[in-house]
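Same chain, two partners: subunit A is paired with subunit B first, then with subunit C.
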Partner chain A sequence: MPTSTYEKIATTTLGSSSPTVNLSSIPATFTDLRLVFVPLGTSTQNMNMTLNGDTGSNYSFTSLRGDGGAAYGSTATSASNINLTLGTSITTTNPNLYEIDIFSYTSSTNKTFLNKYSADKSISGNLGVMVGLYQTASAITEVTFTAATNFAANTILTIYGILKA
Partner chain B sequence: MANTYTLINSNVLASSAASVTFSAIPATFTDLVIRASIRTDRAAVEDWLYIKFNGLTTNRSYTRLTGSGSAAASGRSTSVIVLGETNAATSTANTFSNQEIYIPSYTASQNKPMSGIGMQEDNTSAAYMLVSAGLWRDTAAITEINLFPETGPNFVTGSSFYLYGISNA
Partner chain C sequence: MALLNLTIGSFSSGVVAATSSYESIATSSPSGVSTITFSSIPATYKSLQIRFNIISATAGNVISMQFNGDTAANYRYHNLYGFNSTAVASAPASAQANMRIFGVGYGTVTTYPNVGIIDIIDYASTTKNKTVKTMSGANNNVAAESEIDLESGLWMDVSAVTSVTFFSGANFNTGSSIALYGIK
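So, the complex of A and B:
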C-alpha cells in the first residue's frame, strides 16, 4: 500500500461555547501541518492564534486582503499572537474558513506559515492571504485559537499532517 | 492507515461543455476539494468560474480579491459565487487556468463557507488571478455541485475537473 501523505492528526468540534480551541501533543512525524478551522462566535468578535502557548513577541505577518470595495496590505512585527480577524470577525451564523499551512514544523529554524482566510458574511465580506513567521527553534506541538469572548458550539478544527517521506 | 484524501469523481472534457456537474456526492467525507484546469471559449483573454449547489441559485454571495500584475482590487456580489479566474479564447493558445476550491463541513447543518483561487497566466503583459471567499446560506448537505463559466458559453475540450473528499474521521 502506498504511503499516506495527507493524514488527519486530530480534530475537535465544540459541543458548547469555549474561549479557546486547542490541539496539543502534535506528533513530530510529519513534514508540514495543515489546519482547517471553521469558527463560529457566540457574538461578533475577534480571535487570534498562538503556537506552543507562546505569547511572547515572536510573531510577524504580512497580509493582502480585500473587503469587496478595496484591496489592502498590512504588516505586523513583534506581535504576541497572530491576528486572524484582520478586517473581519467571527460571527454567530456564517462561519469563516481558515486554511493554514505551517511548513517544516519540526525544524530547528524559524517557522513560516501561510494562512488563506475566507469570510463572506452575505451583507459584507472579507478575505485575504497572510504570510507569517514564528521565531522559535522548537518544534510546534500545540496550536491554540483564542476568541475575544467565546467560540460557539459546532466550531470545528482539524489538523492534518503532510508527509514527504 | 486511514486514507484522508480521496478522489470522488473526475471529468476531463472530450468535447466542449456549458457546465460540469458532480452529483450524488456521498456524505461520507468532512470537506470537499475541487482541483481543475480550465479554459473557456469566451471571446476574451479571461473568464470567471461560477458555482452553484444542489441546483439552487439562491442565497449565494462572495467577496473577491483580484490582481492583474499591475494592480489589486476587491469586489463582491450577493447574487452569485465566483471562485476563480480562467483563461479564455484569446488567451495564449494551449494555456489553461488552474483552480482550487475548498468547501469545509459540506454536510453540516449550517451555512457553508468556501474558498477559491484561480489564475489566468499566459505569458503576456497582463495576467489575472482571483481569490474568493464564497458563502452559500443553506443548511442542507451539499449533494450536487455545478460549475460553469460566467460568459463562455463553454468550457473547452481538455478542461479537467477533479472532486476530492477529505475525511477527518
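So, the complex of A and C:
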C-alpha cells in the first residue's frame, strides 16, 4: 500500500462561542502543515493568527487581495500577529475560508507560510493571498486564531500534515 | 486524509482500506547548486504538485522551471503579484525559454525561505499543451523586499512531462527542499 503523504492531524469544531480556536501538541512527524480554517463570528469583526502562543513582534506578512472593484497590495513588518481580515471581516452567517500552508514547520530556520482565502458576503466580497513569516527557530507546535470578540459555534479548524519522500 | 484520499470498501471482508491519492514521488535537498532536475517521472498520476522551500545564497534572483530539458521559447506565463504595498499584473511580451515561478518584484530573499506550490495539470497527456498554476512568496520582514506571487504558466508542447528542472540565478543553500508529489 502506498505511504500516505497527506494526513489529517486534528480537527475542532466550536460547540459554542469562544474568543479563540486553538490546536496544540502538533506532532513533529510531517514536513509541512496545511491549516483549513472556516470561521464564523458572533458579530462582524476581525481576527488574527498566532503560532506557539507567541505575541511578540515576530511576524510579518505581504498580501495581494481584490474586492469587487480593485486589487490591492499591503505589507506589515514586526507585527505581533497575522491579521487575517485585511479588507474583510468574519461575519455571523457567511463563513470565510482560509487555507494556510506552513513550510518546514519543524526546521530550525524561520517559518514561512502561504495563505489563500475567500470571503464572499451577500453583496461585498474579498479574496486574497498572502506570504507570511514567523521568526523563530522553534518547531511549530501550536496554532491559535483569536477573534476581536468571539468566534461563533460551528467554526471549524482542521490541520493536515504533508510528508515528503 | 479527508481531502485527497479515496476510501475503498471490501464487500467480502467488510474491512475498509484507505489508499492515498496524494503520493510523494521524490524530494531533493539541494545545497551549493543552482539547478536540480526530477527525471523519469512516472505517467501514473493525473497531476503533479511541487512544494518548494528554498534558501537562496543571494537576493534578487528569479526561480524558473523547464520541462523535458526544453530550452526553446515554448513557455508563456502571466503574473499577479503583491509587492511593496502594491498589486501588479505583468507578463513577458513574447514566449520565453523557461517558466518563471517566483521573483517578479524583488526576487529571492536570503536567510529566510522562498516558498511555493506548483500544480502541473494533466502532465501525462500526449495531446494537450501543459498548464501550470503557481503560488509563491518570500518574506524577510522588509516591506520593499517581500512579495507574494500568483502565476499561470503554459508549456506549448503536447509531450508528456517526464522531467522538471528548477534553476535560479543563485545557489540553493543548505535547508532547501523541493518535493514532487503525484495526485491521482
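A few comments on the model shown:
Going forward, the second predicted complex is superposed on the first by the 164 of 165 C-alpha atoms of A that agree within 3 Å, B and C clash if a C-alpha of one lies under 4 Å from a C-alpha of the other, contacts with A are read in each partner's own complex, and residues count from 1 in each chain.
Basically, a residue touches a chain if its C-beta (ideal position, glycine included) is under 8 Å from a C-beta of that chain, and two chains touch if they have at least 3 such contacts.
Quick caveat, the model's predicted, so the values are computed rather than measured.
In the superposition on chain A, A:Phe103 makes contact with subunit C only, while subunit B stays out of contact range.
Shared-chain residue A:Glu7: touches subunit B and subunit C both. Looking at the shared chain after the overlay, A:Leu64 reaches both subunit B and subunit C. Of the two partner chains, subunit C is the only one touched by A:Thr112; subunit B is not.
Using the contact criterion defined above for the overlaid structures, shared-chain residue A:Val129 touches subunit B and also reaches subunit C.
Looking at the shared chain after the overlay, A:Thr75 reaches subunit C, while subunit B stays out of its contact range.
Across the two superposed structures, the residue set of subunit A contacted by subunit B and also by subunit C is 1, 3-4, 6-8, 64-66, 71, 116, 129, 158, 160. The part of subunit C that touches subunit A in the complex is made up of residues 1-5, 17-20, 22-27, 51, 53, 55, 80-89, 111-117, 135-143, 146-148, 150, 175, 177, 179-181. The part of subunit B that touches subunit A in the complex is made up of residues 1-5, 30-31, 61-66, 72-76, 78, 102, 104-105, 108, 110-111, 113-115, 117, 131-135, 137, 166-169. In the complex of the two chains, the subunit A residues touching subunit C come out as 1-8, 31-32, 60-66, 71-75, 77-78, 101, 103-104, 107, 109-114, 116, 129-133, 135, 158, 160, 162-165.
Residues of subunit A that touch subunit B in their complex: 1, 3-4, 6-8, 11, 36, 38, 40, 64-71, 93-97, 99, 116-129, 154, 156, 158, 160.
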